[in-house]
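Here's the structure we're looking at; comments come further down.
Chains here go by letter, A, B and C, matching the order in which they are written, and residues are numbered from 1 within each.
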Amino acid sequence: MQTLKRNILAVPIVVWIGLLVGVPLLFVFVLSFLSRDSLGNIVVQFTLENYQRVFDPIYLRVFLNSLLLALLTGILTLVVGYPVAYITSNLEPKKRALSIGLIMLPFWISSLLRTYGWMILLGNAGIINNVLRALGVIDAPLSMMYKFSTTLIGTAYMLVPFMIVAIFNSVDKLDRSLLEASYDLGANKRQTFFNITLPLTIPGIAGGFTLVFIPALGLFYVSDLLGGGNTIFLGNLINTQVTRGRNRPLAAAFSMAMIVVAILVISLYGRVAKDDREGLFQ
Amino acid sequence: MKPPLLSLVDVNKYFGDVHVLKDISFTIEQGEFLTLLGPSGCGKTTLLRCIAGLESVHSGDILLHGRSIKGIVPNKRNVNTVFQNYALFPHLNVYDNIAYGPRVKKSMTETELTDRVRDVLDLVQMLGYEKRMPHQLSGGQRQRIAIARALINEPAILLLDEPLGALDLKLRKHMQTELAHLQKKTGTTFVYVTHDQDEALNMSDRIVVIDQGKVQQLGSPRDIYNNPSNLFVTTFIGDRNIMQVSVVETGETHAKVRLGENVVSIRKPKQHSLQAGEDAILAIHMDKMRVSCEETANALRGVVSSIHYAGSQIRIELKVDEKTITVVEYQKTECECNEGDSVFVVWEDHGAILLPLEEAWIERGV
Amino acid sequence: MKLKTSKFGAFYLSLFFVVLYLPVLSVILYSFNASPSTAQWTGFTLDWYRELFRDRVIVESFKVSIEVALLTALLSAIMGTASAVISMWVTDGMKKAIQGMMVLPLLVPEIALGIALLIFFNSINLPFGHLTLVLSHSLFCVPYVYIMVQLRLKEIDRSILESARDLGATTWQVIETVILPLVTPSIITASLLALAMSLDDVIISTYMSGAKTTTLPVHIFSMMRVGVTPKVNALCTLILVGTFFIVGLSQLTKKQNKEAV
């Protein structure tokens, strides 16, 4: 009775979010097994066709494109971001605060603006081509837009702060005396980095990877603006199916596939992070 | 002539504008247990880190086997450190922690390594713990592994930075004995940092007392305890009653001094000369004093103002010539006194010492 | 041993920040370019800014965005704070349930959440517009308020609350007189973050906008799809100025918070 009274105020909150997240997800789940008629209206009839189409070579290609994009984004942001996090945590206090500020600031800058900036830089009439031409390096503009790599750069650019923040927290938590102990026992800087720093920051890397990988699956506006639809990704596909294709059951099936991938990545992270908690429980 | 194992020559160190080590010079001999003792912030840990190479020195030199190691990075110095928080690598098990040094230096084959790890684990009585992770060990066990991890490298000097600080009192006492044994058994030179005088007095061959970045006194525990050379050491080591007295006459080993109406004979320091007629400082260990009911030679007359029983010890406060003196006794045998009684205070000869009166004494309001 | 930053490290960091901010600076710079093309710089102009205010669709969608963002921030502040404060009293099981609910919207890919909400609102015949936008935005804003307020609550010494109770305050009085004043700076910072996130959202808003209620980012996205035009630059620059104003405010409250503690 007492516990019931204590919990009663919390019920509306749980119900409210449950209603707005859980129920819609359930709808998607159900919808992914339904059919549609020729006009695109949903027909309540059980089918596995939507899921079969996920494995249809054309759509499978899209699915793999997205996984590849998310994976490469994770790797690229890791390679670029790790040194940034590492160097920042070793800076003297004032410079360190400045560096952290500069890393965090993009969180506040409109993501559309940041994508658009790349259109201005990379376009045929863009800044980079202008500068290169003015310097006489090239005669004809380099074609840098509307490629897989353009989308990759844009997506990585959008998400790299997440990676840096995750790694920074991990590097910064690192006990300095462990590094000193490593030097003291005869390891050089490189050995210390690979034997101590890197293994101990794996939870941070895993966290950053999760934070980057999941959004990278669905940033359709980046691939739309920078990829120009030359490579089709899951986000674009779902978006087109919903807004123009009017094939919502298929979009629902793809959303489910995306959620499954996300759950896999998160549970993988859960494993790594669990080891971490035990390891750090000194 | 063989050079000493380690020589510090006028070592100076600054952190920004703060002068943390001031002209530190002393030598460390092969096989000794040397303790750097001082209050927190005195520079003792910084000095240790300078020897380890984890901090650089601004001027002066550090010589190992007669050769300067000033420019040598920590991973190339043949000294190892046991860190205050042990700094065991949390992601490696006991075996891999201990094997870390030989592995990064590639100084042994894996077969040799297995034997050596067994040896050092045996030495610290931790055989059978190879597969444990650091977080599965108790504080005392981690301590032993940290020592084993350092010893496997056969360092010329083992540096220990307050290694017992995190342990509870009982375990600390136990580990003190064990460390001293280990040091004798391995013959490794230990340089040990602590702020705990009991630890220093118990384990060391020699003690370097440091305060405000300066060496205050260097000597055997007995010497440091009984013959403090200056104000700092006198007040830092042991609990003493400190009184200002005037010298009546000086002899070969002792001097007669006056405190109020009492005239007593006190041991004279070797390093200081005292003249009749000048003022001096009398310092007597509280636990080297005793209260006597009968009038005895060489005693101070006083009135008991309070008696406190604190466990096994009894603290008696007395007024001697307007000054409050504390006597700590462990058994009340001789004189059953009460508050207000007039009694005599006597002391063991080596527990009392005379020191010249310096400015600093007066500033401290003695 | 100090790990000094090497020259290479400093160079790498500088290079990284140049790349990080170059696109943003390019957008700002070319909002003042007289030529409609980025191919050349033909002189300084404010024409593109003037044109913005004449564009009725932009002004309308801006109004929608602001209204939605303000309502979202308000709703998130209330819901997030309530969740965090209530969490202090509930049983551990319920606390876990609340935490689970709070991370759920952050773990589901945004586009999947958008589709889910679209299908859900569609099937219960909820008209798309302000309501759907605010409800959906609050889903990813409430958790941030909850997390930030909870972090602050953790810092509060439990004995302060106990002593308030001891002095005779009721639970509600403890909340009103002790807890709320202490967490207010966190609520403000978190609400400003919610405001900024709502103003910036593209993905969910794409599915939640009604026929006449398009948010500014959704409109900007459709403008960008057509290609580079300085009008977009000018619009983005104005938004940037607006967001930095919000950042400034949040930093200010943070500072005051620190001084108070």
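Following the convention adopted for this analysis, a residue touches a chain if its C-beta (ideal position, glycine included) is under 8 Å from a C-beta of that chain, and two chains touch if they have at least 3 such contacts.
For clarity, every value in this text was computed on a predicted model and none was experimentally measured.
Taking the CA centroid of chain C as reference, the farthest chain centroid is that of B. More contacting C-beta pairs link the chains of A-C than the other of the two pairs A-C and A-B.
Separating the CA-averaged centres of chain B and chain C is a span of 58 Å.
In terms of their C-alpha centroids, the spacing between chain A and chain C amounts to 18 Å.
Between the Cα centres of chain A and chain B there is a gap of 57 Å. In chain C, the residues that touch at least two other chains are 1.
Among all residues of chain A, those that touch two or more other chains are 180, 183.
Shared contact sites, meaning residues of chain B that touch two or more other chains, fall at 53-54, 74.
Chain contact summary for the complex, chain C toward chain A: residues 1, 3-5, 9-10, 12-13, 16-17, 19-27, 30, 37-40, 79, 82-83, 86-87, 89-91, 94, 97-98, 101-102, 104-105, 107-113, 115-120, 123, 135-136, 139, 142, 196, 199-200, 202-203, 206-207, 217, 220-221, 224-225, 228, 232-233, 236, 239-240, 243-244, 246-247. By the touch rule above, chain A contacts chain B in their complex via residues 175, 177-178, 180-188, 191, 195-196, 199-200, 278-282.
For chain B in complex with chain A, the touching residues are 52-54, 73-76, 79-81, 83-85, 87-91, 100-101, 104-105, 133-135, 149-150, 153. Residues 3, 6-7, 9-10, 13-14, 16-18, 20-25, 27-28, 31, 80, 83-84, 87-88, 90-91, 99, 102, 105-106, 108-121, 123, 125-127, 130, 157, 160, 179-180, 183, 214-215, 217-221, 224-225, 235, 238-239, 242-243, 248, 251-252, 255-256, 258-259, 262, 266 of chain A touch chain C in their complex.
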